[in-house]
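Order as written gives the chain letters A, B, C, D and E; numbering starts at 1 within each chain.
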Amino acid sequence: MKLGTKHTTLLFLILLVVAAPFFFPSAYYFRIGSLVFVNGLAVTGIVILTGYAGQISLGHAGFVGIGAYACALAPAYLGLHPALAVLLGAALSAIIAYLVGRPILRLKGYYLAVASLGFGILVAMVLTNEREFTKGPDGIEVPDLGIRALVKAAGLDLSNSELWYILSGLCMILGAWLALNLYDSPTGRALRALHGSEVAARTVGVDIARYKLQAFVISAVYASVSGSLIALQNKFVTPEVAGYMHSIELVTMAVLGGAGSVLGAIFGAAILTLLPQALTIFAEYEQIMLGLIMMLVMIYMREGLLPSLARLVRGRGE
Amino acid sequence: MPELMQFILSGVTVGAVYALVALGFTIIYNASDVVNFAQGEFVMLGGMVTVFLHDAGQPLPLAALIAIVAVALTGIILNKLAIEPARKAPVVSLIIITIGASIFIRGVTQNVFDKQLHRFPAFSGDQPIIVFGATILPQSLWVIAGAVLVFTALWLFFTRTLTGKAVLATSNNRLAAQLVGINTNWVMALSFALSAAIGALAGILMTPITMTGYDIGIALALKGFAAAMLGGMGNPKGALVGGLLLGIFEALSAGFISSQYKDAVAFIVILAVLFMMPQGLFGRTFTDRV
Amino acid sequence: MLTVEGLRSRYGRIEVLHGVDLTVHSGEIVTVVGANGAGKTTLLRCLSGVQPVSAGAITFRGEALDRVPAYKRIGRGLAQSPEGRQIFTNLSVEENLRLGAFLFRDERVASDMDDAFAMFPILREKRNLVAGGLSGGQLQMLAIARALMGRPSCLLLDEPSMGLAPILVAQIFDVVRNLKALGVTVLLVEQNAYGALSIADRGYVMETGRIAMEGPAAELIADPKIREAYLGI
Amino acid sequence: DIKIGATLSETGPAGALGDPQAKTLKLLIEEINAAGGINGEKISLVVYDDGGDPNKARTFATRLVEEDEVNAIIGGTTSGTSMAIIPVVEEAEIPFISLAGAIEIIDPVKHWVFKTPHTDRMACAKIFEDMKKRGITKIGMISSTDGFGSSMRKQCLGIVNEYGIEVLADENYGPQDADMTPQLTNIRGKDSVQAILNPGFGQGAAVVTRNVVQLGIKIPLYESHGVASQGYIDLAGPEASEGVRLPGTALLVGDLLSDSDPQKPVVAAYKALFEGATGAPVGTFGGYAHDAVRILADAIKRAGSAEPKAIRDAIETTKGLVGTTGTVTMSPQDHLGFDLSAFKMLEIRKGHWTIVE
Amino acid sequence: MSLLSIEGLGIAFGGLRAVDDVSFSIEKGEIVSVIGPNGAGKTTLFNMISGVYRPKSGRVMLDGTDVTALSPHLLARRGMSRTFQNLQIFQAMTVQENVIAGFHLKESGSLIADLLALPSSRRRARMAAQEALALLDRVGLARAASQEAASLSYGALKRLEIARALALNPKVLLLDEPAAGCNAVETEEIDHLIAEVAKSGVAILLVEHDMKMVMRISNHVVVLDHGVKIAEGDPASVGKNPKVIAAYLGKQAAEDAHADS
């Protein structure tokens, strides 16, 4: 599924991030925008794992949780600057993904899904139950990143929402750039090849265990950074970020938008982030509408929103 | 050792609930390779519909029967309106549809019924039965009997009937199934009806023990899913054994290790089993020849 | 018995059949030959209803098939042994055969199965094994046998000789001839054009989605163009 | 117009708490508007459902502030969502009344943040006082692992020593678990345990209550204020809940209050309003929302202005305001406003609430 | 020392000895055909040699080293390459990408370079793309290069597999029924291709039921039946072997084959 070239996708994303604020009626939209970007970042990781390599994970919120709590705990216990905590979280996620991925990536399909689900639940459980350390289900405060003060000193007074809109927008574009680079690279091709046929991939020399692991680790880092961003932005985090609902949400975003392409997945993230906000007008019918829209999109756009729309634009479908 | 016995009885009670949910997964999975994330919603609906009919004055058996039929119809409608139109979609898309359906059903339920928890009386009273110094409620025996019954019926269905084979054939190779004359749409409708009915039955049997409410479905679906994978997806034997084992692991770890981490312990056991048997305990090892 | 008029079909936006006309009379063996990608498989898929038809008409025993869904066509007597075998790999050999006779629940099923086993003894040996473990040629035999289990009055065979040992190729062609003797009509797509034309009554040559030539099989086999382009003689 | 915003957990794991809160808010605001509003101004209410997700709660709080431009925010059904809202209201300088239990919400005092429910610690204290009175010194605890149960568990463990009570067993369960007999068996196994304490609400708490009876455990069972609603008795059944004690508010026992009790008319009015409109029994959690509206209305009236800052200052000087939970008197040092005496120890007898003297 | 030698290879599925104590060897530039009835164990033999199955007994020696049961990707590094009887195509990729994937060992570098799209990574990818195009031309699929692989007809897919296998620049090439689904003329084209590849020094192991092709291009023929080697030798002698005729060729085919050779 190739939708335009790498460069048009990137250009589109950059334009989106830069131009959208001109249409924002209030600062609340900066908050929504930043959520879209943060989710978009996590979902881009899912694209690499699921869209490219064809491996399903229902436990990626576990890595979101690790990234988020790193920002709360590392400053508190290790005295680390929050920015370094982001890196520590990412490194920790990578290491854990490496250790967990080695055994569970031997599993296929739903078996992998259930194993990763177990991993995610495990992380959420530790965050919930180790009260002494994590303060438990009520959540823990996260220190300020300090960038706002820095920017202010430089003469630019940004609100919290505006600042995080910019930061998460930058991170998403960076993430998308890396993922797009990967697609057409030897590694990306190896991942897509093992998705198509493991036996054939092996016989052309792809060490499938290694490549699956690489995809898992990369996507874990994406998830972790997105967790860090959300924690730093909210200045508060609860174990909810690591919950299985969040894992399922991430996969849903990817598939809804079109798991095969970065732009599609980000589109999915945007839709599922914006929908609940838009649907508040339906009050108690919100859930009904949300479920209905998800079904309709998947029924009529079976490869996901974006690929289907693209097909529609290019010409009649099948 | 009455403690151990109590842990096991508790595990079997909970495990039978998981087994019933897992059994509900098997048919739709066997027909389409789709794990139906709305299965928990069928369970929930079974309980809720019965509760409201019962509260409205219907005798319990009649209420239960109506609930099963109603939920089976829901399954058929879900298939007709949401799965069938998307039949050429990749399996992941179908799964997302079932997630959408589960959100939808939950939304409808909270509006049509309410957001409270509910319960109706146990079928045979609440007098505990004492087994080797441990106790079990008569309703648990109902759940266990239900699980065993559904298992037997499914097992016969898939091994002894041509229709059962047609269901397996449909997921295995839809094109070939059509070529030999199987109406795959009908098979799908049947599968959704049966899965939904089994779900409803599960909901009815367990409500006196666990209560029901509009949002109990998700957690049940996940546990049932895990149980089904432990046993080996698609195999009724796997669903039954997987469910019971999962329940017993949880109860034993709650009893002996840590009640805080009992779910974690259960998952670690699942991981260990899958590590040694990547297709679950009774899963088919596919020979995809090259 | 089977007529195809102006048949067009497409994959997505690309049309691959550009108006195919073809007739199969009752009791005939008709063969379609053509290069890779000519559209032979697509044609058969249209006939059995698993491929959407964008224009044209298919009539089978005097009845239009356009509104008949794929699964009902075998009930009308139209069975197919498809390209790529399309076996139920998770089911046993016997279950595959039994499903071939899905529409029937009479005693004849058992005797049909015995006939199938007699035709391909290896299938009897493997009857209780999962079909996914069969060798390529064994799968091909199973696909043909399964199609026969449906008691077709018209059999569509897509490259039945593919992957079969020479001794079996000869046998397959014998089987087709026998079917004819039993009154079964056969539409045969083959790459082994020489073999196919040798047993067929008439033949069609397909080139990029069109019928390029048609005629009695004996004439085609003697045609120098065909000898050069398809028979390699 | 005065605009009040709320983000509550109408659905999700804490839906049983947030749903009556949302209904209460709507009913009370309607009532106030029907009576002419406050200081002649009508009140409009915006309620969002955060599903118990702190991240969503924060987004909705931002939306209330930036988009809806509300004058005050009520909400945060759970401690997690409340904590997530705090940074937003502090940045925007909008008064915020939380409906969640954790003491961290108001301790240390935050300029813009108040709350109406008792703290978990107060519930623990009330229970331990009662145990002490009955001569209970050794107990087993079985807590839910959700935010409510785990937070209360921590508070109880923190103060239990002050009452000379020893916790011999400390078990847990998931909020939607179907059977807690293994944990209860372990508690029973400790011979000298004299009572069981169960911090939790909803499904889990009801299952624990029934399991205690199933196992034939005869020692007293203490539940938390989380189950203080008729719904609990209905779920657990009158037999299983017989003798269960818990700290509750005046709301559940309005009929039993003496006529001179200032809470009696307040509680009766709320009960009539809520039960009349919804058909569901009142419960403690809806009561928290009731009190929040009352406090807010009172403050706006006294301030004579709907300026957020004026409202905040007025809330801080709330004095003797009678709510369903207790009589509230705020101060710059105390953003909760009442003490332990607001709690009543209740016992269930034959399916009905009674007050323990 | 032969380039590839198979020594007493055997495997069983359940009770069935699918391949039983089979030995032979193959030299640089040689074409060895394995023939035999359906289910004789030819594909299974390939699967063992290429590391897809783990043999129960025997050894596979490549260039003098024991490579028995080495993982396929390691065998690929040592110069082994194959096609499949049951097509194994990367369906979601284009035809050209399928072949580029064959260049994996040559084009893959470091993950970091790929993520950052460093010039080194881009250069390698570009090179692979060009070479892939050349290979597609060789199998007659150049025109379909940018199509999705899923849209090719069966015969075209078979040739795509050959192109992908050639991309590895193998020392030993295993072809499992490369001409299945191709007509006589197309088969001859494949013939020429295989002969050409062999001439460049590649050892080719071929399974094929098209006896004309086998007779035309093989240097040596090995015959399996029920997992056991029943005959071996030059094509003409094997074609005349009564055991082979009875088990495999049948009279007619035997005559045809001789008429031809």
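Throughout what follows, a residue touches a chain if its C-beta (ideal position, glycine included) is under 8 Å from a C-beta of that chain, and two chains touch if they have at least 3 such contacts.
On a predicted model such as this, the values are computed, not experimentally measured, just so you know.
Chains that touch both subunit B and subunit E are the following: A, C. Comparing the centres of all chains, each the average of its CA atoms, the largest separation from subunit E belongs to D.
The chain with its CA mean position farthest from that of subunit C is D. By number of C-beta pairs in contact, C-E leads when C-E and A-D are compared. Put simply, the C-alpha centre of subunit B and that of subunit D have 35 angstrom between them.
Subunit A and subunit C, compared by their mean Cα positions, are separated by 49 Å.
Centroids of subunit B and subunit C (each the mean of its C-alpha atoms) stand 42 Å apart. Computed centre separation for the pair subunit A/subunit B is 31 angstrom, with centres defined by C-alpha atoms. Residue positions of subunit D touching 2 or more other chains: 10-11, 145, 172. Shown for subunit B are the residues that touch two or more other chains, namely 110, 260, 263, 288-290. In subunit A, the positions touching at least two other chains are 129, 199, 284, 286-287. Those residues of subunit A that touch subunit E in the complex are listed here as 1, 178, 181-182, 184-190, 192-193, 195-197, 199-208, 214, 218, 260.
Looking at the complex, you find that subunit B touches subunit E at residues 288-290. Taken together, the subunit B residues at the contact with subunit D in this complex read 2-3, 6-7, 9-11, 13-14, 17, 110, 114-119, 126, 128, 134-135, 137, 206, 209-211, 213, 215-216, 219, 251-252, 254-255, 259-260, 263. Interface of subunit C with subunit E (complex): residues 11, 14, 33, 35-38, 41, 83-84, 122, 129, 133-138, 140-141, 159, 162-170, 191-194, 228-233.
By the touch rule above, subunit B contacts subunit C in their complex via residues 162, 165-166, 168-169, 172-173, 175-184, 284, 286-289.
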